[in-house]
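Here the chain labels run A, B, C, D, E and F in written order, and each chain numbers its own residues starting at 1.
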Amino acid sequence: MANQKLFVSSHAPYWHNRSSLSAKSYNIMLAALPAVIMGIFQYGPPALGVVALSVSTAMIWELIMNYVTKRQVSIGDGNAAVIGLLLAMLLPATTPWWTVVIGTFLAVVVGKQIYGGIGCNPLNPTLVSIAIIMLSWKGLLDFDEALVNYDLGFYMVYPLAALKHLGTSVVSNYSVGELLMGQYPGAIGSTFGLGLIIGGIYLILRGMIRWEISISFLAGVFLTAFLFNISDSEKYAGPLFHLLTGYTLIGAFFLATEDSSSPVNFIPMLIYGACAGFLTVLIRNIGAFVDGTVFAILMMNVANPLLDKIRPKSLGKGIKHA
Amino acid sequence: MREMLRLFIAVVVFSCLSGGVLAAIQNVTKERIEYQQLKFVKGPTIKNIMEGCSNDPLIDRLSILDEAREMHLFIGEFEGKRNTVAFETFGKGFGGVMGVIVGVNLENDEIIGVGVTTHSETPGVGSKAKTDPDFAAQFKGLSILDPFKVKTDGGQIDALSGATISSRGVCGAVVEAGEIYKRLKPTIIEKMKEKQG
Amino acid sequence: MIKKPFFGLGKPKLTYSGVRDIEGEDLKEILPSPRITLMHKSPNGDLGDLSLSIGDEVNTGQKLNLRENGGEFLTSTATGTITDISHTTGYAGQSFVSVAIEAKSKDLWDDELEKAGKNESPENVLPFLSYIPGISDLTSIIKTDNPPNTIIINGLDRDLLIATNQIIVKTEAENLAEGVEYLKKITGVKRVIFVVPPSLRMEAEQSGAEVKVIEPHYPDATPRLLMKEILDNPVSPSQSLEDLGVGFISAEAVVALRTAFVEGKMPVTKVVTVTDKNNRLTAVRAKVGTPVSDILNALNIDVSDGDRLVFGGPMSGRGIYSEDMPILHDTDAIMVQDKDQVIPAGNDPCINCGECVRACPAKLPVNMLIRLLENGLYEEAVQEYDLLSCVECGLCSYVCIMRIPIFHYIMLGKHELALTGGLEESNG
Amino acid sequence: MVSGFLVMGGLGVAIGVVLALASKIFYVYVDPKIEAVEDALPGANCGGCGLPGCSSNAVAIVAGKASASSCVAGGPDVAAEIAEIMGVAIALKEPEIAAPGCTYGYQDADVKYLYQGIHDCRAAALLDGGSKICTIGCLGLGTCVNACPFGALSMGPDNLPVVDTELCTGCGTCERVCPKHIITLTSTSDRIIGEYVTDECTAPCQRSCPTGINIPGFIQEIRNNNYEAALAIIKEKCPLPLICGHICPAPCELACRRNLKDEAVAINPLKRFVADYEMETGKHITPYKAPGSGQKIAVVGGGAEGLTLSYYLARLGYNPTIFEAKPQLGGILRYVIAEDRLPRKVLDHEIEGILETGVEAKNNMVMGQHFDLNSLFQEGFDAIALTKGGFDSRQILQPAPSGYDTSVPGVITMLDFLRSMSDDKNTDLGRRVLIIHDRLEGLDLARKCRSIGAQKVTIVSKLRGHELPVELQDVKNLEAEGIFVKPLTMITALKGIARRLVRVALENTHPIGEVPNERESIGADTLLIPAGRLPEFLFIRSEDQSESETEEVTWETLEAFHTFPGDNGICTPPEPGRISDSSAVVKSLLSGRRLTRAIHQHFTSGLITPIENLVCEAESILNVTEVHNVALSDREHPDAMDVEGNSKKAWIFPNEFPGLNEASAKKESERCLKCGLICYRKQK
Amino acid sequence: MSDYILLIVACIFVNNILLMQYLGNCPFLGVSKKMETAVGMAMAVVFVLVMAGAITWIVDIYLLKAFGLEYLRTLSFILVIASLVQFVEMFLRKSIPGLYAGLGIFLPLITTNCAVMGVCLINIMEEYSFTQALVASFSYAVGFGLALVLFAGVRERIILARVPKPLQDTSIGLVTAGMLSLAFFAFKGMV
Amino acid sequence: MAKTAVQEFTKGLWAEIPPFRLVLGLCPILAVTKTVENGIGMGIATTFVLICSNILISLLRNVIPKKVRIACFIVVIATFVTVVELIMQAFAYPLFLKLGIFIPLIVVNCIVLGRAEAFAAKNGVVASLADGLGIGLGYTLSLTALAIVREVLGNGTFYDIPVFGPTFEPFSFMVQAPGAFVCLGLMLCIMNMLGKK
């Protein structure tokens, strides 16, 4: 046996389609890039600072947790970077540095790593973090207050806050074009609707995210807003407004589609997306928060394991042969 | 059967005894508890509202039945006249029920002060309803019979920033106070007379 | 290796190889090897009561009884002397008795079969059939009690990169027709269905069997999926195909049957599709028991440390660890992979992306299944997530973004269940 | 005050009445055991046991699905109470801990392929039994480590599991998950009575040692300077290391794998080295002793076998007493072997050590004269083992009054019988006689028995009918003569009452696979056995008292060696491995140890279980025929005698036979290849 | 009518007894490891809570308040609840063994479930009418069950995940309960 | 069994410290630890009930029939809980208000009933006293520890005294419901890590 050739042996299959997590992560970041660049372009260096800090600290936290839990270093898969980038996209450009650091800690450590790392988190880490920030430091995510020193040449009032406080009269202040082009104040990466849509379509076409979730989420938002609008158009804004403001688009393409906290079967995906959309508008219209996307998706994340029990029959199941 | 009886007696004796013991303790502490309740829950707020009164409103109080509910009304003596009355109503806040004491001048139905007693609002946000004097001061001098609303609801009260719901809760309580006041005003005056007489 | 397409919306489309993919579309003969190793899967790995011994002389086509008390036997594919008898462990702990024969260059044919073959009753024929090339066990088809009512001849192959059956359908259509006749005769079965890809429809129609054409998409030619597609009769995981009265046989085995009983000679050769490091396919015909190294040498394929040799196709084959390994009667293909093509398995958890769920032809909730399997909860995996419905195609591992060896986990789960299930039976 | 009193009282009455009525109306029978357990449980319904509430835990405990100690809130007191209800005494049990049985991790062993896939041994084993060439080698992927619920296992630097003996509870999870059966639960007792099986990693030396000492193990401990541990390993199989160190012929050294390269490791001198070390310290190192179970065992014969038996019985927690006919213990070791081969000092030291473990010895006690089976049973012994060994009847200086050894009722050795016949003594054989014999002389004997009054004589032979002498095949005529022949038969047990033999159990040994073995039991008053000495009988009190009319003790024998190959019943001439007139002392040690196993299994499980795949010459086992990457090195030899009495060597042995000194022992221990089945220490 | 709907929504979602009022956490963490047990427990709680809510309300209004003995509330409530649970258990075991097998085993856990006692006390403190008390008890119980079932779903997955050793079991369970509570903030302020 | 009273006492402080080692009594620990003051108050109240019920049950352990022992224990515990309730109302009314519903709920705290059943019903008075004191103190310590973390981080204060400068932005997540769960979960993790050694 001594002079035998030593082959590799493993179990079938011996082929792989060469997809990889890092490729997926980089594709998501690529898709998010238009919106981020637009944000940096609008809000200048502070926005760049938040993005850079967020991405880097997310990776550092991941690295620290890898060492603490004595596991393989996993920053190479790019998932921490994605979490950091998405978190930055949800924050306003003026976010203080310590909030960003705590935010990435909450996302990477509390949201993901204590559950055992990627794939094990029951909720979207980015959303966990942003939700906790929302509860703790309300002022930070009050975009009107946060961006008070900016004047970018367009109507500097955060649409959803305006809607909540001032009623539907404000809707006319924002044209669809402006909303699509991000001509309103908001978080760094969530205002440039067109960029987000392009990124989302790219991801769907590449098979990186599940179209069912995005589409049903948008449909849920549209329908609910539409129904509210019909019932009392004085009080509740129209569907288009809800679709293009707040975190709706980034939620549909980047947040609700996070893998480990969303369903994989067809019908559950539709329910998940639609319910998240419904809840989003519900919270915006009658709930306590200005934007409901975050909590709506979190709520559906929680329901995900239950939803995903709805699945097609496996081959040969439930068949009785005489 | 004998066994059963033994068990039965044990339970009965135990519950009888504990009932008795508790009754005894309750008897001893009853007075003190009542006073404590007033002193700590409503006392500070009442004092605040009735600043400058010459009596102790906690002692000079009336109990009136309002739709099967017992209401405590605290009488304030200003410039020798017992012309002010304060009582508690409740509104729904962000974290639950909040108690609001409203002081009213019986002569002109004007609010002399509003204060939050119990609440479970978010510290630093909704809790400002209790701590922020500017917020309460908005009510001062308005007529109790007016409807109160925060500005976003089309009313006259500036909501606390970030705590619209808490503000709404206070307004609701004051509105309710107005209704109670309307109902009870005759009885109050009557009772006060009785007391003085 | 087929990469994930740039736009990846739907399921992966993997197409079975066909005759056209084979170099020159013909069969190469491999010279008989002086070293022949026969392997017999024996439930009992004991070498204590063997009736064969080293030094015995054997003839080509001779039936060799393995045990003193009968039952197990192998068919010699060469004429020569037994030089070694040993025991090896195969896939999933299967126990093999391997018999090495030093073969002479000239074959002396054994004539026992010729005598027995005259009488075509199953009892006479059956004792020779275990080692028909192209099938692992014919006894499920040819049996006296509870014979099958339908036999499906598979003109497609078991896996990608294999064209063994197809080349036989293409080149031996006439023999196949004769084989089908014979099959009907010995089994008494009425319905024989011949499943072929569109390109072989013409040839198949000559066979006299009922022809069903299917698109060659992997893994549609898997028996359980064929049951569903062709007979519209899905099998529940607790049943075997036998229970439904359906037998499966490959086209190669049908031809081999003909050789055995029409020509009176035990078939000793096997068609093997060989895939080299550049994914070029060659079809060769070699004696069962020929070492892999002989075939590779004949085709000028170099292998070195760190490469991977596989018996079977890329999705469901079995890795082998030695070039000395002989081709067996059910070895349809040999795949050689360069070490650069070996993608190591990942050790990260499932991220729940759902690729596997969408790829699974049996509609299993693979994302949940893998979680249970990783934690060794095999019984729950069966009860809650239908582990046993798996058709063992390997697509889940193929598409897994985390490169989790899901298929490996599934087979491990099934294996462990079989072990513990066996224990329960012996207890009860 | 009064109202409070009354309301609570009223409430109490109401509730009491309702519940009392309900418990009558809705009465459902519940197992009283469940109720008792439920009562014992805290009733806090905290859910800490993982079950919803105390009552469901009680049901689970009674059904045997939960352990008596499953209540977290209750703690050990509750556990004890429940155990009492359940009738499971928390037995005095020697703890078992997991022990890995592989010496070389995959980076040091030969592999047949490079494994890629799930990090799980079971998964790796799917692929052709794992990547190691050795079929029983540890695959090193840590399945046992992950499975351990107590965190007692970890993966060592050599990719072999390491057990933290503090944390190991002996739950056996690792044993269950290991696809290679490498890691097993073991206790010192298990190792003492254990035998090597083919799917165990054993070195060639270890397999060829008649006592089965873990030779690589103890040499490894010498390398680590841990002489006491080395001795403990030796003493698990050999209680007389110093004696063996002197006179063992050392078959192990013949098997040593180093012979393939240069010269065998000096295994026996190394053993003597550690034994010398013990003697030098002046203490006797007594390794682990199991908690006492208290049975009294009489060991008749204080030779090497009897001493071994008593030593191991003591270590397993029994109370052995040796009955020795001679004034001193030691048997052949003392009275036969020359002083200059085995200094008596050494012998005394070793015997002292054995007695220290709790063995009682009664010298000058001759069986049949001073005591017999009946008297021993009446004294309260639970079992009696005969290890009379090499001192057969030829050497008994004072023959019994009847002329033959009557130590075992009704059992007479052929030699005694013939002598008494020739002396014309009046021998009463009773009515039924059994003779074990294969040859013609057996017939002669049978006829002699008939002539002196036996009515029915049965000749028992292990041979097949046609293998017997022709005369013995003439069944019909012999039967007419009152002589019956039973071919293919062996005797498996004797049964007697007080001082009488009553029955003999026979087993028909059909060749394997033909007919299952049949057992029968026939009445017999006398059994003639062909040897010149008595075999190792093991007597126990019989539970079957039906044949005894009075209060007399009924006894029977156990098949002590029944589980080993070559067994032909309890009375046939000795076979290798179970002999007592042994060719070497080590063989009688083995025999003594195997007797211990029989006694221990009898008293613990009541069943002496066969060993499957016992390592013996007939079993094929992986091995190597050549060694690679091993450097040549010379064997160390004991120092020449230092006439001056140099202090440097003085501690070793001031005797003609010096052992190895410490330095050369260390050097020699380095030569050991630490072999496994096919692995051995290679140079990198 | 709409008042009742609001009450229901408030009790189920907004003031979820488990996640917002911190009541009933011991069984919440104890029986949520498997979906089956979670569903059983949820049903048992609904069953008992409605009955307990009704009976304690009657006891409070007609016995304690009538005699001015509010200070005996704790004592009498716990007595009533404990005996009710025991009664129901006996009743089910005898009369509806099928149902008993399903939820009977969860009944003893409810005695010391502070959610039951808590809801009864809340009913009194909020001065609900009898119907309101019934509706509130039912909704709180449904809220408890909903949270329990959702949590069990999440927890089933977490048990299978590679959670670091010291965090396993209760520890990660609590953190996840926190996340669940965070998600329930979605309903904040809706009523 | 032959443990001294001191050992019975100290085991409650570390080896069996209630909510961490025995995962019991979680509701109050989550609910009342917003501030240190509440935590300590709740701890003392529970300790009081624990000690009293332990002593009484230990005294009566031979009188109580086994079959109805749980009912009797509950009555005893409920009695003491009510006593605490009354005393608190009389002498520490503000604390009573803050702890609210959780005072009566001590009665269903598994720790109290668990100790009564598992310990007091089987041991002498002194040992039961020590056990009650130890477990109670351990419980108080745990409550306090959690309360410190939550109050300091979530409110920036310790016992209502600001500990950070005025620029500190309180991490108010900690004083809200989810924060309580997460914080307790992480503390449990730390305890597990410490316990391993």
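Methods note: contacts are C-beta pairs under 8 Å (C-beta built on N, C-alpha and C of every residue); 3 or more make two chains touch, one makes a residue touch a chain.
The model shown is predicted, which means the values in this text are computed figures rather than measured ones.
Applying the stated touch criterion, the connected components after chain A is left out amount to one piece. Looking at chain D and chain F, the chains that touch each of them are A, B, E. Chain pairs D-E and C-E differ in how many C-beta pairs they share in contact, with the greater number at D-E. Averaged C-alpha coordinates put the centre of chain A at 48 Å from the centre of chain C.
Centroid to centroid, with C-alpha atoms defining each point, chain B and chain E lie 31 Å apart. Distance between chain centres (mean CA atoms), chain A to chain D: 68 Å.
Across the assembly, chain F contributes 23-24, 70-71, 75, 78-79, 82, 86, 110, 113, 170, 172, 176, 178, 182, 189 as residues in contact with two or more other chains. Of all residues in chain E, those that touch two or more other chains are 26, 69, 71-72, 75, 79, 83, 111-112, 157, 161-162, 165, 167, 172, 175-176, 179, 182, 185, 188-189.
Across the assembly, chain C contributes 306, 319, 321-322, 342, 345, 347, 349, 405, 408, 411 as residues in contact with two or more other chains. By the touch criterion stated above, chain B contacts chain E in their complex at residues 15, 18-19, 22-23, 26, 94, 96-97, 165. Those residues of chain F that touch chain B in the shared complex are 64-65, 67-68, 71-72, 75-76, 78-79, 82-83, 86-87, 89-91, 93-94, 97, 154-155, 170, 172, 175-176. Across the complex, chain C is touched by residues 157, 159-162 of chain E.
Those residues of chain D whose C-beta lies close enough to touch chain C in the complex are 112-114, 116-120, 122-123, 125-129, 131, 135, 147, 177, 179, 513, 620. Listed in rising order, the residues of chain E touching chain D in the complex are 26-27, 30-31, 33, 37, 40-41, 59, 63-64, 67-69, 72, 75-76, 79-80, 83, 86-87, 90-91, 93-95, 105-109, 111-112, 165.
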